[in-house]
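Attaching a single structure in structure tokens format; questions to follow.
A, B and C label the chains in the order they appear, each numbered from 1.
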């Protein structure tokens, strides 16, 4: 009976082996071989070459900044929405998540339209006799695009974590003598850390690996590691180097997850 | 005072999230071809959008792709989730891990890994490869929607049905399936929207002749924005909005309907 | 005498949530060192009263005095009392030791003092050696003890307990009742206990406050509440009872279901309609000719310590508890000793009718 039920998972077993496990192995195969199929570290090591290293550096920097801004913007928002003061906070959270369902490219296109030299924002600034904004095709525009596109990924887990906190735990802290600030630092914030962690992961991974945002808002002038990999595959047809760089990228994703998971455990204690 | 500040903050973030979308909607009705000026209200961009054969083809491809991939992913994913619920821990660990890989990994890595696979088996890049890719990243969403519902089901209800003489299959479809149906439906719609929205993985899995709306937008934007794209954005936003509302309210409507029928039934019993 | 000192006084407290009036002009005082229980069905306002004392709700009207000082608008962290919450409300991200230390660390107590206190508190609740465990790894009863330990290390003058045993199973609940009495005696502080469980209230309290629909129905010792309920609601809520409409013929004589019983109550006037309460264990079954009323046994259930029987007599189903058994169908006589008949005024207004018992 039990074995019979396991049969239901058989199609997925085949599918996952064929389309998840094997493709992943192929990246490793290409990443560690050269064009004559001989083993080499050269593809992975090519990350330290000038252009590639620069791209990785900028990617990490911009992803960190974007993640930080997302945290700073989302935390107060999630805190307000999860608070008892707001009625229908479920509906409110829906309103905040809705833009995420708009096509990713169109959302980015919208910012292109807004930020352009003769774009909507500058029209308004000009009309108000204020200095115009020239950030299109700069790293600032890319960070803005990342924040805008990935902000809901931060809001949602934070909101979930905060609204799951039992109000009586907060009352218990107050009852034991903590003022609102101490209650926040010692109880509310530590309990929200799991949400914060998954928010950080959900924002930093796509921000680190994007090539669309930098393409559309960076004007092709700023290469992120995602752009480099995309070009290796779609233009240079150099799958070996592309795979090698992808392995490095995966290492960084794993590292980010490991770090956050470790911090999560340490976040368990306080004072 | 504090409450006002909170409301102001919430409004500010809402403005940040919706301003770009509203801009796109407004510009889609702008008669002037430069977005810097308001040239009066027009529907002509919508008209030319519908006359644009390439866009219409892309739309057809996108919808067919979303429908097929969501259907197949729902079948495979639901079966897998049902099996996973009563699986031995060790086997289950494989499925959990394999489900998490596409969720946690960067889209670009998933995309190139599939591209490498298709290259290795010498597949022709086109609709079938994109469909396979979409099914692959959709299955985890179905599993993650169905699995929690499966956990909630009461095992003794299923056993009671067996005890009363039902065959396992009959018992499953009569008493377990209705309980997990909301999860299955949610998984289907989630897959459908994910497929609609995807660009990165499609970008690597498609061949030169094929375009979805996302890839079409990407190439169009690189050539320079045409006002038709604004019209397309508006329509897509509206479509997703309607879809989301349906997904969120259909279960409720269903519940109310059931409730009504139940009361009717009970009233019938009284007579 | 210090023992009778009023520690807390609730003065004309009213509170509503939306349109719903939860507390209506409530007056109550709590003496130092007493174990006082607020008892009533859900929605009677007992938890709201506790939350007003704890500082989690502000009354719409009225004043809360603590030791003579107005604390109505003092935030919870500044009040000299601590709460044990219904579902324990332990901090799941901290160890047991950190949970217990929370209040002391906030007050910047020295480390050695905190360590000593943790040890002392864990010993007090019989959980020595649990310092480094996490709350999730503890059973419900253990978590409850930690919640109590966490509150008492702060040496509050009053401990507020909000249905702390509600989530525990029967056996554990009974053990914890004795534990709480022991704790109260060892600590020598005031316990304010909220529950809907009449047995819990009778077992532990010095004083019981019976509440219903935002009003206090009766205040008294457990014996007084049980033996001399002031109205039908209290009688019905505290234990099983026969509540019967009757007429007070004159002082010391009451007519119940057409038969005259001698009673010890006086001062109701002549021929006044009243309610009488007779506890099932106080109904004596005798031979038919020896009883004041005659009837027939209709049901018998064996309950371990006693038999529970129902006797149909003069159109009323009497609930009777007795150690001797009368088989179903036996004709019996019913006798009640005068001091076992508790006479109560009939509810006067319709408003009071609403708080009465449902049959």
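Quick note on the criterion: a contact is a pair of C-beta atoms (placed from the backbone, for glycine too) under 8 Å apart; a residue touches a chain by one contact, two chains touch by 3 or more.
All of these numbers come straight from a predicted model, not from anything done at the bench.
Engineer: Could you tell me between which two chains the number of C-beta pairs in contact is largest?
Structural biologist: Of all chain pairs, the one joined by the most C-beta contacts is A-B.
Engineer: With chain centres set to the mean of the C-alpha atoms, which chain is at the far end from chain A?
Structural biologist: Following the centroid criterion, the farthest chain would be C.
Engineer: If you average the CA atoms of chain A and of chain B, how far apart do the two points sit, in angstrom?
Structural biologist: 19
Engineer: Return the distance between the CA-based centres of chain A and chain C, expressed in whole Å.
Structural biologist: Each chain's C-alpha centroid was found; their separation is 55 Å.
Engineer: Considering only the defined contacts, which chain B positions touch chain A in the complex?
Structural biologist: Result: residues 3, 6, 9-10, 13-14, 16-21, 23-24, 27, 34-36, 75-77, 79-80, 82-84, 86-87, 91, 95, 98-99, 101-102, 104-110, 112-117, 119-120, 132-133, 135-136, 139, 143, 168, 193, 196-197, 199-200, 203-204, 213-214, 217-218, 221-222, 225, 229, 232-233, 236-237, 240-241, 243-244, 248 of chain B touch chain A.
Engineer: Inside the complex, what are the residues of chain A that reach chain C?
Structural biologist: 166, 168-169, 171-179, 182, 186-187, 190-191, 193, 267-271
Engineer: Mind listing the chain A positions that touch chain B in their complex?
Structural biologist: Within the complex, chain A contacts chain B at residues 1-2, 5-9, 11-13, 15-16, 18-24, 26-27, 30, 73, 76-77, 80-81, 83, 85, 92, 94-96, 98-99, 101-107, 109-114, 116, 118-120, 123, 148, 151-152, 201, 205-206, 208-212, 215-216, 226, 229-230, 233-234, 239, 242-243, 246, 249-250, 253, 257.
Engineer: Name, in rising order, each residue of chain C that touches chain A in their complex.
Structural biologist: Residues in contact with chain A: 54-56, 75-77, 79, 82-83, 85-87, 89-95, 98, 102-103, 105-107, 150-151, 154.
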